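What follows is chain A paired twice: with chain B in the first complex and chain C in the second.
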Partner chain A sequence: MKRGFHGMVARLKVTLWSLIVPPTVWAVHFLFSYLWAAIHCAKVGGFPRLPILYAVGTVAALAIILAAGIVAHLQSRVPGDPAPHEESTDSDRIRFLAFSTVLLAALSFVGVVFTAAPVLFLTDCR
Partner chain B sequence: MRRIRSSVGAAALLSLGACNRHQSALSVFGEEAATVRHLTIVMLIGAVIIAAGVAGLMIAAVRAPEGRLTLSGGMRMVGWLGGVLPVVVLLALLLYSLPSMRPLPVGANDLRIAVQGEQFWWRVRYQPPGSPPLLTANEIRIPVGRTVQFDLTAGDVIHSFWIPGLAGKMDMIPGRTNRLVVRATKVGVFRGVCTEFCGLSHALMAFDVVAMEPAAFDAWLANERRPAAPAAGTAPGAQAFAANGCAGCHAIAGTPAAGLIGPDLTHIGSRASLGAGTTRMTREALVRFIKDAPSVKPGARMPAYPQLSREDAQAIAAYLESLK
Partner chain C sequence: MSLHAQDDPALRAAQEERLRAVWKAPQGIFLRWTDCNNNRVGAWYTLTAFGFMLFAGVLALIMRTQLAVPDNDLVSANSFNQLFTLHGSMMMFLFAVPMFEAVSIILLPQLLGARDLPFPRLSAFGYWSFLIGGIFVGGSIFFNAAPDGGWFMYPPLTTRTDLSGLGADIWMLGLSFIEVSSVAAAVELIVGVLKCRPPGMRLNLMPLYAWYILVVAVMILFAFPPLIAGDILFEMERLLNWPFFDVTRGGDPLLWQHLFWIFGHPEVYIVFLPSIALFAMMIPTFAQRHLLGYPWIVLAAVGTAFLSFGLWVHHMFATGLPKISLAFFSAASEAVAIPTGIQIFAFIATLWAGKVKWSTPLLYASGSLAIFVIGGLTGVMVAIAPFDWQAHDTYFVVAHLHYVLIGGTLLPLFGGLYYYWPLITGKKLSDKLGRTAFWMLFVGANLTFFPMHFSGLYGMPRRVFTYPSELGIDYLNLASTMGAYLFALGTLVVCIDLARSPWRPKAVRNPWHAGTLEWLAHPDDEDWGIRSVPLIESRYPIWDQKDFVKKVDEGRFFLPDAEEGRRETIVTTVLDARPLYVVRLGTPSWVPMLTAIALGSVFILTTYHLYWWSLAGAVATLGFVLYWLWTGTAEIPEKPSKPIGHGIELPLYVSGSAAPGWWAMFITMMADATAFSGLVFGYYFFWTVHPEFPPSGPGMDGPGTFWPMVSLGVALLSWGATVGARGTNRRGGVGVARALLVVGIVASLAGIWTGLQGPLTTGLDPELHSYPAIVWTLVIWTTAHAGVGAIMQAYALARSIAGRMTPTHDADIRNITVYQHFMALTAIVTYATIGLFPGVA
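The block that comes next holds the complex of A and B.
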C-alpha cells in the first residue's frame, strides 16, 4: 500500500456519493447565506460590519469544494493509460466520475464565490 | 430591400422610446437612476463586444480548413473561452455592479414621504422633520439635492412604486413598510407609475413627480399647509359638493369635508393631472370624472352620479378647480 498523501488519495475512490459533494456544499452554503443574513437582520438588528461567522462558513465551504476537486483531479489521471476512455472498465468509470467531480467542483467554487461577493458590499438590511 | 426598410423602420421606432422625457429610465433625474443607466450602458457595450467576438469566431470556425485545430487544442480553447473567460467577465461585472446596490444613507433630519398605494390612486403624506404631517394625493414633489425617504405601503392589494427617472421599483405591500431612499439631481416634471398589476385600472394608476429647487419646495410645502378653500366655501359648487355626499369620501382642509376613503382634494386645482395621472386637469375632464368616474377609470372605487345635473357637475368642477 502506498504511503503519504498520494496513497491516501488512491484509497479514497470517487463514487457517485463523492460526486455530489461539491454541489451539495454549494447548496448548503447558499442556504446558510440566507439564514445568516435573515437572522442578523431580524434578530441581531442590523447588518454586521465584520461578518466573521460568514467568512468562516464561506472559507470552510470553499475548502471542502477545493479538497473534493483536488482528490478527484488526482484520481482522474491514470498514468500510462492512453485515450479513448470509453470502455465499461473500472478504471474508465472512475476516470469519468473523477473528471465530472472536477468540473462540478469548479462550478460550485465559482457559485460560492458569487454568492458570497455581495456580503462585501452590503452595509444595510434594506 | 423591403426587409431592410422595415427593419430600419423598427429600429427607428425603438429609438423613439428615447424621446420620452418624463417617464423613462434613460431620462434621468436622480442618483440611483443615474447609476442604473451607467451600468446599463456599460453592459450594453460589453454585450455588443462579446456578441461580435462570438460571431467572428463562428465565421472563422466555419471557414477554417478541416484539421486546423487538434482535439486537445479545441478542448483547451473551449475551456478558456467557454469556461474561464465567462467566469472572469461575470465576476468582474458582479464586483463592478454590487456597489450600486448600496442604499443611500438617510438621517433622522431628512424629509420622509409616506405613500400608500390604493386601487387606483396614491395617498401621500409628507413628514418633514419637526413639523406635523401633511396629507395630499396623486402628486409627489421633492426637493432637488436633498435626501428623501419614501415609506411605501398599500391599503388593499399589492402595488409597486416606480419613478423610472429617479430610482428603481419598490413593491407596496399591505401590512408592510418598504423604504426607498432617493435624491433628485434635476428640476423638472416627471412621472411615476404602478408596476404591479392591481386591478382593472392598474394601467391608469400613475402620478406626476415634480422635482423643485429646495427653496421653492419649502415655499410650496408651506402654502400646501394652508387650506385652499376659505373664500370658495360659499361657492355654489361647494354646496353641491356637500349635498351630494362627496365629503363622505373626500377631505378638503378648511371645510367640513373630511372623508378618507378617496384622494384628498384640498389643493386639487393645482395638480396637473386628474385621476392619478389618467387625464389632464381640465374643466371638461373634471365634469366627466365627477359624473361617471368608472367610465373614465374602469373599476374605480368612486360611484357614478347619473342623477347629478350637468349644471351641478359644472359648479363642482369650477369649485374644485379653484382649490389651488
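The block that comes next holds the complex of A and C.
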C-alpha cells in the first residue's frame, strides 16, 4: 500500500501550478469566509450559533492543504544529486519546487487557522 | 558552430560586426525616440519616474512648510487638498509602480542572459503611455485643476460634480491610462521571466530578483483590473449620471472603497517586493556567499502575494462592516507578517554567515530595513481593529505608511541606484556623497515621521491644512517639517552625485565582485545585450562556472551571431529552460509612440467631454494596433529553423502555448477577466445591500430571460466557430476554416445586437437606480468584447487570405482562440447573472 502511495505521488508532477495549490486554497477559503459572513449578515440577519457549513468548509480547506503538503514533502525527498541541491538537474528542480510547496502549505495552514479563529469567538453580526 | 570555430578571432570580429549592425540604435534628434531596446527605454522610464518622484517630493515640502507652524496661511485649504492628493497619487502611480517596471525592463534581460525582453515595442508603448499620462495628471496642478479628493478618491465627495471639478476626471482617466501601461509591463515581465531564460536556468536557479518580478507582475494582473473596473463605474457616474455610488438611487459608496482597496492593498506589496528583490541581489554580493534559504525567499514572495489580497478591508475598519468581516481581514493582516519576517531573517542570516563588505549600497539596505521594520510593527498595531478605530485617519497612519514606503521602497531603490549605477553607466557613484546622503535621508525620515505617531495619537487628523496651537502639537509638527527639509537635502545630495557622474572615469567590470549574470555587462557596453546566451549551471555563474565570463565574451555559448541580420533571442521552456525556439524581436519604430499618443487622446479628450474627438482617437488607436500587429508579429520566417551553436537547431516559428504571443494573450485576458469580475462583484454587492433585489418599478424590470439566453447562445456559436476554425486550419482545411471564421464574425456582431436587446426592450433606465445601471454596464462590457472578438476574427481571416497564416503557421488563430475562450466565459457569467439570477434571488 505504501509503495503504491509513493508510486502515485511520484507520478504527480511538480510545477508552478502545483506550487500555488496551498495558497490558492487559502484564498478560496478566505473568499468563502468573507462571503459566508457577508451573505449571512446581510441576507439572513445573523449567522448560526453552530456554523456547520463553515466548519465543513474550513476542515476541507485544511485537509487539502495538508494533503498538498504531504505529497510535496514526499516529492521533495526525490533521491538524486548531493546536497545542497542547487544544480541544474531534474531532481534538484523537483526538490526545490516541492520544498517550496511544503513551506507554502505550512503558511497557508496557519493562514486558514487564523482566518477561521474569529468564528469561534464572535457570535453575531454587530 | 563548434567550440573550435569560436577560437578564430576573425570569425568573432565578423560576428560582432553583424551583431553591432543589427542592434545599432537609431540616430538623430527625432529618430532616437523610436528606439525600443530595453536599455534605452528602461533608462528613459527610470529617469521619468525619478523626475515625477522629485516633483511629488516638492509638493510634500510645500505641505510640510504649511504645517510648520499652527494657523499658517502659506497655501489655501483648496491648494492643500490638491497638494496631498497629487503627492500621494504621483508617488504611487507615477513613481513607485513605474519605477519597478523601469528597473525591471533594464535589469531583467541582463539577469536572464537574454538580448532583450520578448516584446520590446510593448515596453516602448508602455513608456510613452506612462509619460503622456504622467504629464497630464501631474501638470494639472499648474492649472489649479489637480484632483483634490485624496489619493483614494472616495465618493460621494468625488463623484458629485458640484463638489469636485475636473480634477476627479483627470485622476480617473489619466491614471486609468497609466494602469494600461502597467498591465502592458506586467505582460512583458511575466513572459520574460517564464520564457526568455537562458538554457539551463531552471526555476531553482532563477535569480531571486526574477522570482520577485514574476510574483509582482502576476499581482499587478489581479490588483490593477479591479481599480480599472472601479474607474469605469466612477466615470459612468460622473459623465453619464449612472448612480453606482449614490445612496439616494440605490448606490453605495462602499463599493468604490472595496474596489479601490482590492487594488490598493496589494499595491503596497507591489511596490515593496521589487525593492526587497534588490536586497536579494545585493546581500549575497556583499556577504560574498550564496543567499541562505532560497526556497524560503520564494515562499515569502509567493506567500506575501497571496495574503496581500486578503488585507483590503483593513483600510475600511471604520466603515461599520460586521465585526466578523473585520476579524477575517485582521487575521490575514497579522498573517502577512510571517512571510515578511522570514525574508528579513534570511537576509540577516546570509550576512551573518558571510564575510560582510560594508559598502554604500549595503548601508542603504540595512538602514531601510530598520525603517521598514518600524513601519511593519505599527502595521501590526493598526491591523488590530480596535486600535485602528483610535488611529484611523490620524497622523499615526501617515507615519505608519511613510515608514513602510520609505523603508520598503524609496531607500532600497536608492541603495539599488548605488549598486546598479556601474552596471548601467559603467561608472561608480561617490561613496562619500552616497554615505552623506544616506545619513541625511535616514535621520531626515525619522525626524519627519516619528513625531507624527505622537501628533496622530494627540488627535491630529490627516489632510488638514492647518491646526490650532491649543492642540499642543506645534513642536511635533515643526520637527516633522525640519526632518522633511533634511530629507530633501539628502535627496539633493544624491542628485548632485548623479549629475557629476558623466565626468567620472569608467569603473572596472563587475566592481562589486558579484556572482549573478547581470554583471557580465561591460563598462563600454554594446547594445546587443549579451555576446552569447550562456548555459547556466549555478545560481551564481560568475563565481561558480569555470571561465564563464570569457566563454560568454568569446561567443562560445549559444546564438553568438546574427547571420540573417535580425534581432533575436532564445525562448525556453517554463520549468526547465530547455531551448524551444529563436524569437525575432521588434525593431525601432514609430508605431508604439503613435499608438500611445492615440490611446492617450482617448482618455484625455474624454476628460473634457469631447466625445467625438475621443472616438476618432479610438479609431486611430485601433488602426495603429492593427498596423503594428500586421507588420510586426507572427511573421513567417524565410527558413524553418536555424543553428544556435553546439549542434542545436531551433525553429524560427512556433504557435500555441510554446509561443510568447500566446502567453501574452493569455495573461492579458487574465487581467481582463479580473476587471470583469470586479464589475460582477458590483452586481452581487448591490444584491447584498438591498433587501429587495432586483428592485421593481418602471424602468427597473428587466432585462428578462429571453434576450440574455439568445445572446449567450450566439456568443457560444462564435466561440465554437473559432475553435472549429483553429482545428480545421491546422488539419489543412483552409477554406472551411475561413468559412467558420465568417460564421464567427457574424455571430460576434449578432451578439452585440442581441445583447443590447435585453435592457433596451425592457426599458431599463440606468440613471434611475444602481440595478439597471449595473445591468447595462455588464451588457456593454460583454457586447464591447464581442465587437473586439469580431475584429480579431476578421483579422485572422484577412491573415489567412493574405497568406500570412497557414496550417503550419497558425499563431494568429491560436491566439484569438484564447480570447474566445475568455469571451465565452464572460458571456456565460454576464448572461447567467442578468438573465437567471433575478429569478433565483
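Here is the rule we go by: the second predicted complex is superposed on the first by the 120 of 126 C-alpha atoms of A that agree within 3 Å, B and C clash if a C-alpha of one lies under 4 Å from a C-alpha of the other, contacts with A are read in each partner's own complex, and residues count from 1 in each chain.
Basically, contacts are C-beta pairs under 8 Å (C-beta built on N, C-alpha and C of every residue); 3 or more make two chains touch, one makes a residue touch a chain.
Please read these numbers as outputs of a predicted model, since none were measured by experiment.
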item	value
Greater chain A contact set [chain C / chain B]	C
Touching partner for A:R126 - first (chain B), second (chain C), both, neither	both
Which superposed partner A:S33 touches (first chain B, second chain C, both, neither)	second
Which superposed partner A:A117 touches (first chain B, second chain C, both, neither)	both
Shared chain A contacts, counted only where both chain B and chain C touch the same residue	110, 114, 117-118, 121-122, 126
Chain B-touching residues of chain A, taken from the complex the two chains share	106, 110, 113-114, 117-118, 120-124, 126
Of all residues in chain A, those that touch chain C in their complex	15-16, 19-20, 23-24, 26-27, 30, 33-34, 37-39, 41-43, 47, 85-88, 90, 92-93, 95-97, 99-100, 103-104, 107-108, 110-111, 114-115, 117-119, 121-122, 125-126
Residues of chain B defined as touching chain A within the complex	83, 87, 90-91, 94-95, 98-99, 101-103, 179, 181
Contact set on chain C toward chain A in their complex	200-205, 290, 294-296, 298-299, 302-303, 305-307, 309-310, 322-325, 327-328, 330-332, 334-335, 338-339, 536-539, 574-576, 688-689
